[in-house]
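Below is one structure, written out as structure tokens, with a few remarks after it.
Chain IDs A, B, C, D, E and F follow the sequence of writing; residue 1 opens each chain.
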């Protein structure tokens, strides 16, 4: 409350900015980072600008959680790791670069909380985090992102990351739950494939009928106490709340529902999370980014209480 | 998934564009068309630009319904009929032109799904469709549009179409239900007149108390299995979701409620529908138009399963 | 319905504009006024422009309440008193000026309905209205505004008005209820202090669990039938509905909930009210102001039925 | 400098607001008024909202001219006359109402400075002012507005006012000069007709080649020292400076050129002026309105030094 | 003037929409087409949405040129060829697709007037048009687009098209002139390379000192009477006029200068042209697209009078 | 060209971020810093958000000047010093804090290039830099900022900094030149006072008549070769180019004129500079900030060639 919230160079939540070679990194439990890239976008680009706008708005975040009183910065060492290297001109090169960056964090026992970028960025993150064993995942989204390919065979787009991650063994489909799926469909092959692998797809209409609490109880049971990733696509929330995204679908979650869902992840064995598809050109007002960073704070709080995010270097 | 959704000249939902003299018209069951006109607007104009913005956003619509799996384009022949002729400088001339255009469709057994334009455009549509027998109507709106006149005697404005249509015998008031009415009132004469004719007016507060399902069950009963029209004013939805309209009223429907209400029309004897009052100058972002065209897709799906919309020419 | 709603010089709800020296003031029961000032803002300024945008949108308000049918202008004499004097360059001078202006109204038995301005403007209003006896207050807000000071000792900001008003005896903390509190916290000292004084703080999560009706029943009990003030911060409503404000917090009320809460104040012994923190630069579209003025109409209706707002000069 | 410029109910340039029945009107030399109407618009409506936004921005105008030092309020009595009556639902009724309102001012020897509204509003103004003898006119515009009719015979649109005014004898075409004409053409019949009547049309390219000073010297010669009206369409200025208008044409004047042109009217026998086609929905930022009201201040200054604008009642 | 300009499905300038297999194509001299692609963008994407917004605004274009009176549609057969196929997920595939599309037009003796898309789309167009002999080019831009590569070796971006086209022999560097170059530089290697090849680079400062007419006279001499292409990057114009672009540089051309420059190309042996880098997400108002399509009309006029654009099939 | 320009935490022009206690500071010649404060604003606040938006846009700046080829980072050590401490709740405390911060730089022989904030921030900067001897100043602005006081005696606002600085002896009025002054005036006392002190006030009209080069030659003569400060108010530029500011005046400079004027300062004995009044809430697009930071790069270049800005510690 001494420095005005609009002042200063904006790092995520006013955290210190560290590089991979900083010695202070050894003490870090959780890294917040950006992946400023949207090369996987099939329709309206823009999420490459997401990390910067999220950082800008993030300086309005205060340190304690309003309901639990948790101060995540008090129980975990958290740092802003800057942005992962990317290549706007090359998809595969970018996937390698992001995977390597997350791998370097993992090698230091640092859990990543990433800000996209489009949803394809989840793929190299999962590739790094799930290299040793397939992960569970709680996935909030309007879309399954389980498509096989676009434009006659292009297999790496923001509609395919989880198909690839399941095929490549980074995700255990039986421990994957997708919540909030909705919107008009192509042929439905994505859903059929997912169901055949054992993915649990909870459409928005089912959420509405059963209620958030029941759905989240089921989600917790699906992922169990094994290592689990959380991927939060901002387009799971209704475009009235989150207009700044490239593939909006009407009929989405309210912000209160989104908060309640993320809070319900408390106590799971979480090893990382992302918030993707915030697209500043479609919301220059920053409202979507404010919603996004507020959700990232909720994600940070459940990461901070996860047993997996205490770096063994920190005692 | 082969042609990017942002490419190409935008017709409604990427449908073929046909004129009244196209021979292909004979095979058409349902026509989507625009009525680019707002000469009935008493306050903030703009809906004349609605059809173009709705077409622009409509290329993001995919072919299958997310809940039922219905592909309306597979069960009905649907075409974009372009825009109805209008006259920005003459109200009565426009009413005649729109009535003639819809009449030409009716003569070919084609059911119209129209994009306004302000709400006065419903009047000439009803005049054409209800020429032979009075129709039932399910009407979603913040306003009754049952006023008698404005500005000392002007009887054709966007606040009067259903008063005129009832007076002229195109609507059967006992089979008219209005849902979502709210907002500050003048003297309430519109409501009193409507009730006296037998119109069922369900205010937003009643919807909230009883729930969407109960209200829609009643609405179905009111219109029965006789020919019924659906008129959906985008201002029935809350301005947080639909800011791009001329007469917003706070306290409106969410997008999920709107979807649920339209889906509840499934199986009725629907002979046409409209979506009106999308005003692009008040939402250049296109968010309101995206909501509008998404609702139009829902309307298309219930039209596609209506017994009334199979053109006898198509076997 | 004779003069278009977009025409004319905009006074609040098209009311006559009176000055403190107008003799017509003697007949006035309720004054609507602006306090165009945001000198208490610690982050993003802008509410100084609120009164003008609220007046602009207010000409779309019609005279009768949609549910009760009440015409507040028929049961009370209401006038636009213009804007209170303020000083953009001096906080304390402004507090004095606003207190004097409200005091002048109080001296004439006129109840004020004020449009902010930032939330610090509630302090001089309470100072004037609560000079004789501590008031009760129903306070809708995302924040407690019970902080002690900012920036190393600055005690008059938009985060401190109710701390000051309680300390100075203008509010009776045991008759103060705060509804909708949420958002990340600093150290929580504001909440602790408030609870220690006896303020009832109802967090958003509690509202969600118990429902609007139960919460408002409790609020009515807390303030009882003694003189009570209502302070409505627009940021109590979710930023999807009210983006035009300086300190938004996700997870807020919908517009329907806001209407329901204010309507539940009917019959209380209300002596004044305010609507604050509408910030036009953050919503040039006017959507937030339209929501704000619609809430002000609801506040006007419950003021109009309060026993306290019939000016004894008017018989 | 005592009352902040953003405070208070906005009248034009903070002038007193008078009605036609105010006795103070007798002392008025120049009336500033709005004509909130765009029923003559053939493409993109919106100017009906112009007067309100112009008034809003006008409170940033200070009293003295920066170059001449003239304080127009010191040498002439100026008042805000509010908005002329209009009828959004009837073109001819509106033309009558505006003509009557301006006629009432003329009967009191008050010179009108009107804020549109679309350009058709110039026609009833000229009808009132030119009833006794045809007027000269200096007309700044991208378009000639000399068309015969639109949409198969509609003769009263914002593209026809000066054709009608010449035909009806309110303008003397030999004393009419149009400056800044440009943009793609239909068939050019408007230009041919104008030239045949003796109108001097100075296209933008000619202005660029000869310079502002030479063109304005010619314009002064054309209108001479007989009674002359000034009509300033904001679309004469380039859309980079004035995006908020319905029929923009690239390649327009800069704001500096516009100021220089209006200042060059000083000393002419001016009997009224208008500034039209400011369309707030196409520029919610208010930048176009700020440019418009700044030009209106320049117009006010040349009206204030015109011999024709000293009301004989004022001595 | 019969159909309102805001009505109907928007093709370029209301032209008929033809496909490559339409037989009517044989009669076409000039094709207007879109290339909805921005895969070459190194910073802020968005031009993929350019063609649609340009078509939308293009319906405000009238048929005749304001200065020359030329009606290009009267002297040449012009059609809208829709959008070239592209692949948002693959740069090289897109270059092939665009080259093939333009090649198909060239095979039919149709001159292309293309709407980008980012500037990399000029490369496959030049590859198709310059396959037989190197072309001359008049290039309006803030940037040379003569860079070798980005991001460690990526050779196909919107900063490299003309380096590639010169290297590959599609452009004759001695007949290339670049006008309006400005803005901060990396190391200047692009300029040095261009000068070494014989490209004439006319910086903005030189234009300002010598004047448009002198510069254009030189440009005409450089390209001579051999086949010449025109590439117009909207960022050559100042961002005050053209904010909707990805790499703005202050200090650019005014719209009047841009018109004057394109008009000065009249009579050259022009075989095609493009207008690129209009990015709707950075200007949802459409102002930049209006400027862009207005420049495209000017380009169309100089193409229409070029000896090269009369299709031999048309006699 | 390896790291995309939209990536990373944005410091000014991607410079290293240093604090006052960094030892690397010893090697710094020029500091770029923000002053995020607008407590001196009398009308529309917002410039407190300027430094952050300027930093955001600044990552699009490349290292070399387009005309001179100068790389200022090669000839001077430049760093981002972050934001000066400020106090949103106290004007005098802020003036002290900014003066102390600039004083700390001066003590280290570092020349400041500051980004406002409103224009009052120039006062404490001049107080620090001119403490030993009165400075000369080249001042680009629409307003003189030589007012005595506002709101009945408030002497520290963004309209008074140079009156105070002259009164207090930090500026030598005979070596002060103001360029671009325009806009409606109060009583003109500010101009009279300035002229009486010997300030040279060059109104916009004089610039237009004499040309930029002549005016700047005179300005150079006025300040001579003694230590000189440059203050650039973004509102000196026309609002078409710079809409994001609080007190716009039409008729301002173009961006090309602004560049030419700053470049004409080359070789003067410059000891510091500022760019003020960029107000992001009034231009969320960032266009004004892009213009502002581009001007700051021009200022940096003339600072870099000033004899005064080589820190004696650097050899």
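Remarks
Here, a contact is a pair of C-beta atoms (placed from the backbone, for glycine too) under 8 Å apart; a residue touches a chain by one contact, two chains touch by 3 or more.
Please read all numbers here as calculations on a predicted model, not as lab measurements.
Following the contact convention of this document, C, E is the list of chains adjacent to both chain A and chain B. When the interfaces D-F and C-D are ranked by C-beta pairs in contact, the top one is D-F. Of all chains, C has its CA centroid at the greatest distance from the CA centroid of chain E. The best fit of Cα atoms from chain B onto chain C calls for a rotation angle of 120°, in steps of 5. Centroid to centroid, with C-alpha atoms defining each point, chain C and chain E lie 56 Å apart.
Averaged C-alpha coordinates put the centre of chain C at 40 Å from the centre of chain F. The set of chain B residues touching two or more other chains comprises 4, 6, 42-44, 48-49, 88, 150-151, 238, 240, 254, 282, 285. The touch graph of the protein chains shown belongs to none of the named shapes. Every pair of chains meeting the contact definition is listed here: A-B, A-C, A-E, A-F, B-C, B-D, B-E, C-D, C-F, D-E, D-F, E-F.
Within the complex formed with chain A, the chain F residues making contact are 3-4, 6-11, 17, 34, 36, 48-49, 51-52, 55-56, 80, 82-83, 85-86, 88, 284-286.
Taken in their complex, chain E has these residues touching chain A: 38, 40-46, 48-49, 87-91, 150-151, 154, 156-157, 281-282.
By the touch criterion stated above, chain A contacts chain C in their complex at residues 1-2, 4-6, 60-67, 69, 238, 240-241, 254-256, 258-259, 285, 287, 290-291, 294-295, 297. In the complex of the two chains, the chain E residues touching chain F come out as 42-44, 147, 150-152, 181-188, 203-205, 208, 238-240, 243, 247-252, 254, 282.
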